[in-house]
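Next up, some structures in structure tokens.
Each of the next two complexes has chain A plus one more chain, namely chain B in the first and chain C in the second.
After this line comes the complex of A and B, so read on.
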């Protein structure tokens, strides 16, 4: 199993790109369009690499690159490392570079996007931590191999928490109705606006890695039943894309109220209930 | 022999302080503070390696009388201050303490239990005071040159003396002595806060004075009860009684909450920032507020698992989250630091109140590394104030353009309190894991929620401030490292080096330093299983490669990012084609400030709950 996990970790940018391709295809079908080919993200990737490189300043460009590398490392730590809670915090570390990049330029859109990104962290991080705690509570293991071979299916004990986690995904992946920090029509992509060409490549690919990161967390709720795990991942992403297609953007206030007022109590209730029930 | 060294640790700062005060020359202050640093650190290290188990030590009998006389003098001074400044609260509280103290003296049984008790926890505190605290006094000598050179001797002497008081308070076993020193720290903070002598300084100093006196009263009440019911006059005697009423423990705990500036009493610490910055640095890092977690740790074995401990956890958990939220609302750099101190103190006390081996280890780690990080940040605040004339977070916008060095230090200071892989992150991670472990046995359920939420808020807080500092104009081809005065740069550099080394060598520190101290506190050590630099405690593993790679990201990357330059064309920021002059700002979350009165009311209710229900009065 270790070899498979390592392979997934190493190939995660490619796998993430494929997921993104599927997303674009499916979303197009939902809107009754043909949609781009499955490998369109990779065509985009090569085209971006070909473009003339432009930058604001090197510090900014380097922050973008650091975001990609740190996000990959977070995925790596999640899949290969001995503690998935640390991986969640490494994920925050990756976002630190993204926001630092956003803050480092004198662009109103970029800075506003970075500030909104902080609100995303504030909304999503506690729930991700709760998800990991829930996994530990049901399987008694902090590492991914232990969870995958625990003989338990965390979903059955943690349905409410899982629902909260699923509804957190739009916040983490910046999908409508919580695409607040990107908000293309409003702040034109937020913290990523000032990247271009080869430097945008890094940020672009880092976002693919987020699919793998969050997908793995979802998969773990299938525990040692991999079929359930795969089904969960497929249905969850389908649901997230469906929601993305059918809702309009809300504000930061809505997001915080929803995350802390609905999702967090839901997650906490489920965890506490299981803890005292046993 | 060891008794001699303890005497040195306690008395040397007092003597040095007196000498600095009398000579009042800059070079002499520098010399003596540096010497003090070496003496205290060396004594701490020496005691650490030579101490086996705990040492009980009885000073000559006349010291007892001396302290009693001193105590009356101190309280009379407080009374006089209250009368002079027309502050009835101060004088009434001093009067109550005078009466209670007299009552204690009247019913106090003769006791042969040694009055000094030095164990690993004490020496641990010596090390923090010696290393972290005395570096601040070195910094203060230079700071006062900019502030008011004539009063340098007085100021530095007060700070050095404070270190001596702190060393004394962590060594005492006699609760009456503890009270005397508790009030001495109050006196020291009172004198330091009103140092500038203007109206607002004096008012805030009086605020600190009356609030901290409440702590003194609760200690005396606890002592009275302990004497009356059990004949207990010393901390070590608590362990002789199997079933102890919670009343004295709750009231001692309440004193810790007041000293730790927990929520209904948080205003004195916020007010303390009107004083010169080294005062804040020393109050927040090595002395004063650290008495609070220290006291909770001393009580931890006796309150473990009781209703009192649980109420303390609820209360400190609430304060942890709420003060972190309020910090988001602040714009003043030092006020933000103050709120984050209150928040983290709550976390230390929470961990201490949980009282399992791992939680106590976490509490100790937080005490140590918070001291270093806050000392660093406050000294940086002093540098910002004196060199760059910046006080609010709006003044430090774009400061990376002229002070990359300072920004890097602030970055290390802030990130070390929250981000992987710093030692304080390790502590928080261990605490979340430990609480999850306890959760799976259905105890302390709510704490994981508190930790998850509070941690996220603090992360966002620090990133928000850092975001303002790193906003820059253009390529940093000529990054000129600013040149700071040696006495400004040296202490900060030492702190940064300490933080970075502690990050890499966190496992040896856990096994060799925090483990033994935990053993001294509760007689049990967490199940360490790490080899070399890999952290491993029970089923919790943090391998060194993760630490190292994350270390590279957080520490090296921001530095080398200033020196790598891509040879590509430069473009201007996108502003819809308009020649906008952009002024960068940030959120200040006004809505949270409005909630402050509600938070305080709830905190007061919880505090009373700790006293009344936790104290077994209901």
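After this line comes the complex of A and C, so read on.
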């Protein structure tokens, strides 16, 4: 099992790219279009490698690369490394690098995107922390191998928290209705706007890693029953893409109200309930 | 190595679409190309809206005097290799607006154009064919060769220095305060 997890962690950019390819294809089919080929993200990747990179300044470019590296570290911490709580904190760190890069340039769209990215962190990360705490409370383990071999299915003990986590995914992956920080028709990608060439490639690839990160968190809710885990991942992503295709963008205030007013109480109630009931 | 990477260019051209005062006829047709009926995304073509990440510049409209500084700026912000497609009669020659007091009679007075797509408005089939031709030209271009707009009167300086050129062009075209006389 350890070998498989290490392999997934090492290949996570490639796996994430395939998931992104599936997403683009499926979303196009939902809109009655043919859609790009499955390997389109990799074609984009190779093309971007052959473009001239216009740097704003070196710190900005460094933050783009640091975003990718930290995101990969987060996936490693989740799948191989110390424990899943560290993975969530590394995920926050990766997003903070990205925001630092966004704040470091003069472009108003970049600064606006970085500000909104901070709102995304505030909205989504507490729920991820609650999810990790609840996984510990039900399975008694902080690391992925312990959870996968605990003999329990965490989904059955925390349905409310799982529902909250599923509705958090659009916030983490920046999908509609919460694609606020990279609103493409409005602020043209937000904090990623000033990256070009090989530095944009790093930011582009770091986003593929988030699929693996969030997909693994969802998979852990299947516990030691892997079939339930895979079903959960597939159905959750399908639901997220359906919601993405059928809703319009909300504002930051809507997102914060929804996350802190609905999702967080749901998650907290479930966690306290489990803690008292045990 | 770079021969290997060049093979992927035709599979993922990203478009930047800029309207320099067109009547929106050609813009609607460009959007129709990207919509479900013609679906250019099946070839990996997406409308990026961001010059720093775009490869093909689709320009519509006869360049109005207000739009030219932005056009030049967008062209300079695009990283090489890049191609320009002038879509519609206005972008090619000025169209019905030719020799009017407020237009510049087409895009190629300011930036080098690779493909001209005629028509008023240009048909989606024509636009797709033009983009295809543009990709063929784009595949032959090298990223080492810096491409800058045609220098206009009153703007001098190092032709290779992007930032100085942008500043000079903005000084020439953008600083027009209320009460200042028009050219």
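We adopt the following convention: the second predicted complex is superposed on the first by the 278 of 278 C-alpha atoms of A that agree within 3 Å, B and C clash if a C-alpha of one lies under 4 Å from a C-alpha of the other, contacts with A are read in each partner's own complex, and residues count from 1 in each chain.
One rule holds for everything that comes next: a contact is a pair of C-beta atoms (placed from the backbone, for glycine too) under 8 Å apart; a residue touches a chain by one contact, two chains touch by 3 or more.
Quick caveat: nothing in here was measured; it's all calculated off a predicted structure.
Asker: Looking at A:82 after the superposition, I want to know if it touches chain B, chain C, both of them or none. Which is it: first, second, both, neither?
Answerer: The first partner, chain B, only.
Asker: A:196 contacts which: chain B (first), chain C (second), both, neither?
Answerer: Both partners.
Asker: Regarding the shared-chain residue A:188, is it in contact with chain B (first), chain C (second), both, or neither?
Answerer: In the superposed model, A:188 contacts both chain B and chain C.
Asker: With both complexes overlaid on chain A, does A:43 touch chain B (first), chain C (second), both or neither?
Answerer: second
Asker: Report for A:239: first if it touches chain B alone, second if chain C alone, otherwise both or neither.
Answerer: In the superposed model, A:239 contacts neither chain B nor chain C.
Asker: Counting residues of chain A touched by each partner, does chain B or chain C come out ahead?
Answerer: Looking at chain B versus chain C, the one contacting more residues of chain A is B.
Asker: Should A:34 be classified as contacting the first partner (chain B), the second (chain C), both, or neither?
Answerer: After superposing on A, A:34 lies in contact with chain C but is clear of chain B.
Asker: After the superposition on A, what does A:55 contact: first (chain B), second (chain C), both or neither?
Answerer: A:55 sits against chain B, while chain C stays out of touch.
Asker: Which chain A residues lie in the overlap of the chain B contact set and the chain C contact set?
Answerer: 52-54, 188, 193-194, 196
Asker: Residues of chain A touching chain C in their complex?
Answerer: 24, 28, 31-37, 40, 43-44, 46-54, 184-185, 188-189, 193-197, 200
Asker: Would you mind writing out the residues of chain A in touch with chain B in their complex?
Answerer: On the chain A side, the touching residues are 52-59, 61-63, 66, 69-70, 73, 77, 81-83, 85-86, 89-90, 92-93, 96-97, 99-100, 102-111, 114-115, 118-119, 121-122, 125-126, 129-130, 133, 136-137, 140-143, 188, 193-194, 196, 260, 264, 268, 271-272, 275-276, 278.
Asker: Can you tell me which positions in chain C touch chain A when the two form their complex?
Answerer: Spelled out, the residues of chain C in touch with chain A are 2, 4-9, 11-12, 14, 36, 39, 41-44, 49-50, 52-53, 55, 77, 79-81, 143, 162.
Asker: Report the residues of chain B in contact with chain A in the complex, numbered from low to high.
Answerer: These residues of chain B touch chain A: 415, 419-420, 425, 429, 432-433, 436, 439-440, 442, 445-446, 448-449, 451-453, 455-457, 459-460, 463-464, 466-468, 470-476, 539-543, 546, 549-550, 553-554, 557-558, 561-562, 564-566, 568-575, 580, 582, 584, 586-587.
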